[in-house]
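Each chain gets a letter, A, B, C and D, in the order it is written, and its residues are counted from 1.
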Amino acid sequence: MSIAIVLFALLVTAWFLAMIESWTATGRLHPAAPLLSGLAHLGRESVVPRTPDRVFFETAPVLLLVAAMLGAAVLPLAPNLIIADLATGALFFNAALAYVLVALIMGGWGPNGAYAMVGGWRFLGQLIAYAMLIVMPITAVAMRAESLVNTAIVGSQESLWNIVYQPLGFVLFYIAAMALAFRPPFDLPTAEGELAGGVDAEYTGVRLAVLRLARLLLVVTLASATTVFYLGGWHGPLLPPWAWSLIKTLAVAVSMLLVGHYLPRIREADLLGWCWKLGIPLALLNIFIVGLLILVVP
Amino acid sequence: MTPVLILALLTGAVLFGVGVYGALSQTNLVMIMMGVELILAGALVNLVAFWRFLHPEVYSGQMFVLVVMTVMAVEMAVGFGVATARFRAKGSVEMEEAEDLKG
Amino acid sequence: MTPDPILTATGVRQKRPSVLQKLFSRALASNLSCLVVPGPEIALAHGLDVKAVGMRIAGTPRDASVLLIVGKLPEKMSEAVAVLFAQMPRLRAILVLGARPPSSLPGTDVSGDLSQAALIEAVARLKQVMAKGAFASSPEDFDSSVLHARTEYVCPMHPEVVEDEPGSCPKCGMDLVARETGESTPEHHHDHEHEHHHHGHDHGEHEDEHEQCHGHEDREHQNHHDHRQDHEPEHHPDHNHDHSEGEGHKQEKAETEYTCPMHPEIVRDEPGSCPKCGMDLVAREDMEDDGGGEEAPGHGNDHEHQHHHDHSDYDEHDHEHHQDDGHEHGHGHSGHEHGGHDHGASGFMSMIEVTKDLPRSADGLQMDWLEVPFGPVFPGLPGGLKLTLTLDGDGVTEGQAASVVGITSEGEEDGEMDANTFIEHLSSAMPLAPVSYRLLACLAIERAAGLEDDSANAGGRTGALERERIASHLGWLARFGHQMGFAWLANRASTLQLNVQAASKEGLIELEPSLQALATRVGRTPLLKARLRGIGVLPTGSSDLRGPVGRASGKGGDAWARLWQRLDEIPASLDLIKAAVEPELPVLRNIGSDVSGTGETTVETPRGESRLKVSLEHGQVTSYELDTACSHHIDLVAELVKGRELGDALVAVGSIDLSPWEVIS
Amino acid sequence: MYIQAFFVAVFGLAAIGFGVVVFRTSSMVRSALALLFSQTAVGCMFLAMQSEFLGVLQIMMMATEMSIMAIFMVMFMMDPGGLGGMDMSHQKRFSLGAGGIAAATAIAVALLSDWGPVTAEAPDAAMQTRELGFEMLGRSMLIFETAAVTILTAMIAATATAIPAREPANHDHKETSR
């Protein structure tokens, strides 16, 4: 039952995001836009490029979808609304999202095109730059909760949300999450102006529909993670817990979609430089500060 | 004696065998590293199985697994370092062409 | 217009129309995405607002369902368009505005004039057509002469080995890999299934067209495969097995020797086992003969040779699971295995041999380089500009730019031309700066006719020129924003450009605050400075730099300086407009019917100074010489992109605001 | 019990299957990703054997590790796409024999040894994570720290080995221009 509800909530959020996305592309807010665009994709031919690595080409969008869903599976919507409340939930979240990288490498290599391949390898090149900034802030969050269980992490924020307790961690995580979801301004693997769509470039029809859905779900998953780890998850007055989770997730997801609208794409060299030289030391500092706070403040 | 333990040990054994075959038969340094990774994966399976089915109360078993995982990472790092240096110097990471390393 | 609302047969999908299909086509009709050819900036310059009619602008043909052709296309461009159309997945339509459809395309679905009203009307009609006639039982294959290619077989390791038939490499015994070339020679008639129509036609002059757009390969033959999937068994003919054998023997001239895989020092003339380890000896060609004899011609430009083809068939792929190519691979493989003894192809190939001729990257590793075409229709580059970059991973090692749409004439093109026709000709050839070139032509002809400069209409002309400068800079901002993924800037600047183009003097003055706001906003954008600072630095004081590019070279000469130079020129132009009278399109003054002479003049177009020299004879333009800023700037590209990261290189190219139309070829 | 046996067997077979694929395909990216999925299957085996932390850790670490493997494969292979179907192995018979003997020995040991009494119940996952933490930062702290320092050293050493030598900088230029 809770599985169905969580999946439904995921879909609703993705639907909403798709609406926003089509709004930014066409300037029209249309409630049925996601349905129409999905149907349009299904109705079109799904071209297979010449001499592809067929296995990779077919698997990549599905793997991306699965990775995003697995990540969402360990994030609670409400105290009991969670697909799997693992004892190592926070770690599992990282593990699931590591496969986003694998999916992109497959999607870059599979279609046998230069743009896609450069896109795929670009994402691998950024790997440590953003992956460390996902893992290390989560470490600090888990330190405060003294648990890797995601429901316990939300529980630890009842009095004070983590965004206040460790704002540095929030900022790092938010940026890294956008890089992991390769949304603008971090859309280096799919940069349209540079790589003509990159990893997305060769997908059409049904496969493109799956890929788009997967990318939206990835944003939802990361927004949901931001909510769980930093925004107090289901905590909030008046409304039922699931509503608070949904509202916060939506807000974060929409912000992730819109921020890139107002920023130019980041240079790859800058991204790597800043993440390595600034982000990782800051993340370590964040862990240190949180550790001090835990020891000092009862 | 549990069949699960035996199953896991058998898997570990076969992975080990495949890894040994790979490490010995491949001519490319990177492929040899893949073989070594498989050997270590076989070892990992055994370690976890021993911990789980023989001494679940002793956490040094899990610690051992972590150490082996570290070894895998170290092996990768050093292996790629050597491969890159060799490729830079000789233009090849093929074992057949590593005549200067022959004893 | 079309009585029967159905898409052209090359655009429909093969499905029996059903309820579900109807739903799909409805959805598609309400979700059009168009690929604008030659480029979105041309549509904007013509005052077309594609977004306003509810179409999304697609970056790639893969993503597009409508091919929107704006205006007349030069010949090279219309060939590229055919390739683009072939790359579009089915349920694709062609919408042509203001021109006849290029002959390379199978006709149009909807056409109209070059105006926003016509666009709105055309899109409405297109939606109907899409909704009703999207599926048909008998789609046609799109087959244009431009798309024909011949399949040839190359060794992945030895690019100099090019065979007409599958087989194994005479040097290393590896299976040859199929790839298509644009050129085809009439004598190669193969009856392989996979070649179907891609052979036997002589289209040598189209060599490169085939791959030039977007670097996507032509997918047309893929469509064919889709359609004939029921005939799958036919795809596995074994009949050309003998080719490979024959080919192998023919090539096999080098001496064969046998060596132990483990002990290279063991070399025998005949097969046997190794005295040291007892392993079977492996046949090997005599490497030295081989290297000296066959490789020599290709040594110097080995990588170029290889990479020239890489972009169409990137050669690092495994296609053993790809049914379409599986058969040729399969039998080639068997050829290889027998070949081990038959023709001495060896089991051991030297990696040192392979890598020694590869170029070294900046980090000192020998890597494969990849020559990738960007354009002529590439999102983020002006349409018609073809950039060929040699990529080393994400870095550009070298690159050149060429214009596909450049003006071809520097002299008497079509013989004599009426003065007014000439003005029209010149201004329509420069869709990104028509007013400037109209003014240039008018002035030059007036000079030639011996007329004095007239201050009466100078004000209106200045107004029009400056208005175009603002519009052009805004158009550049829009394109630059799109290239950098800065969606807000792209949207805002293109909206403003549309407004500015049509505005009167008062309208322009009203727009001033929004233009200022745009500049302020750009100045405040985070990351932008980091993105542009130090990118595309041009040497100061070079005489080739003109216009904003030249003026920015004193202020740092990088992309950031050029951005600000253009942003600063907008208010300066506004001031000029304020001082002048109502902008009006330059019209040729009465020069009399029978004047002769030559006149030379320069106009500071939005992209820099252009010079025109016209010879008049009896009121007819007999010859002219044109010199534009862009034809100088395009030569800077090679230096700008060299050794840069891909993103930086493209930004650097974007920042000099090349108009491929103004490149004189 | 049976469910556990089933999952261990399934993931074990998957691990072995992908492990074999590593050396059977000539496409290098496929090789690397097959190894990745083999390792992932091993991680899933850990999960099936109720050691959740280790399983998840294995799944996470291997994804990144093997992706890096993939790019090195592409860099350092002659024919990374495997289009030429070239044979990149040597001493096949010897290796097969050695691998077979190694596997057979290990299997024999597994089957013939008396492993003693087996604990049916494992501690629950949260408990395990906690206890492992105490183990890691308590009794085994020295080992843990040593491992950490080792990997840091290895990273630095590997980088130092891989980057071009500083001194003969001119030499490199010559090579490029040649």
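The working rule: a contact is a pair of C-beta atoms (placed from the backbone, for glycine too) under 8 Å apart; a residue touches a chain by one contact, two chains touch by 3 or more.
Labels paired with UniProt names: A = NADH dehydrogenase subunit H; B = NADH-quinone oxidoreductase subunit K; C = Ni,Fe-hydrogenase III large subunit; D = NADH-quinone oxidoreductase subunit J.
Please read all numbers here as calculations on a predicted model, not as lab measurements.
Chemist: Using the touch rule stated at the top, which two chains are linked by the largest number of C-beta contacts?
Modeler: B-D
Chemist: From the centre of chain C, which other chain's Cα mean sits the farthest off?
Modeler: Looking at centroid distances, B is the chain farthest away.
Chemist: Need the CA-centroid distance for the pair chain A (NADH dehydrogenase subunit H) / chain C, whole Å please.
Modeler: Spacing between the chain centres: roughly 34 Å.
Chemist: Round to the nearest whole Å and give the separation of the Cα centres of chain B and chain C.
Modeler: Each chain reduced to its C-alpha mean, chain B and chain C end up 47 Å apart.
Chemist: Just curious, how far off is chain D from chain A (NADH dehydrogenase subunit H) if you go by their C-alpha centres, in Å?
Modeler: The separation of the two C-alpha centroids amounts to 27 Å.
Chemist: How big is the gap, in whole Å, between where the Cα atoms of chain C centre and where those of chain D centre?
Modeler: So the centre of chain C lies 43 Å away from the centre of chain D.
Chemist: Of all the residues in chain D, which ones touch at least 2 other chains?
Modeler: Chain D, residues with two or more chain partners: 27, 29-30, 53, 57, 68, 75, 81, 90-91, 128, 164.
Chemist: For chain B, write out the residues touching at least two other chains, lowest number first.
Modeler: In chain B, 84, 87-88, 93, 96 touch at least two other chains.
Chemist: Using the touch rule from the top of the page, what residues of chain C touch 2 or more other chains?
Modeler: 261, 314, 317-319, 348, 351, 355, 364-365
Chemist: Considering only the defined contacts, which chain A (NADH dehydrogenase subunit H) positions touch chain D in the complex?
Modeler: Answer in residue numbers: 53, 55-56, 86-88, 91-92, 94-95, 98-99, 101-102, 105-106, 109, 121, 124, 127-128, 131, 147-149.
Chemist: Enumerate the contact residues on chain C facing chain B in the complex.
Modeler: Those in contact with chain B are residues 261, 264, 348, 350-352, 355-356, 358, 364-366.
Chemist: What residues on chain B touch chain D, complex-wise?
Modeler: Going through chain B, the ones touching chain D are 1-22, 24-31, 33-35, 37-38, 41-42, 44-45, 48-49, 51-57, 59-60, 62-63, 65-67, 69-70, 72-74, 76-78, 80-85, 87-88, 93, 95-96.
Chemist: Please name which positions on chain B make contact with chain C in the complex.
Modeler: Residues 84, 87-88, 90-94, 96-97, 99 of chain B touch chain C in their complex.
Chemist: Which of the residues in chain D come into contact with chain B in the complex?
Modeler: Touch residues, chain D against chain B: 1, 4-5, 8-9, 12-13, 15-16, 19-20, 22-23, 28, 31-32, 35, 38-39, 42, 45-46, 49-51, 53-54, 57-58, 61, 65, 68-69, 72-73, 75-77, 88-92, 94-96, 98-100, 102-104, 106-107, 109-111, 114-116, 118-123, 128, 131-132, 134-136, 139-140, 143-144, 147, 150-151, 154-155, 157-162, 164.
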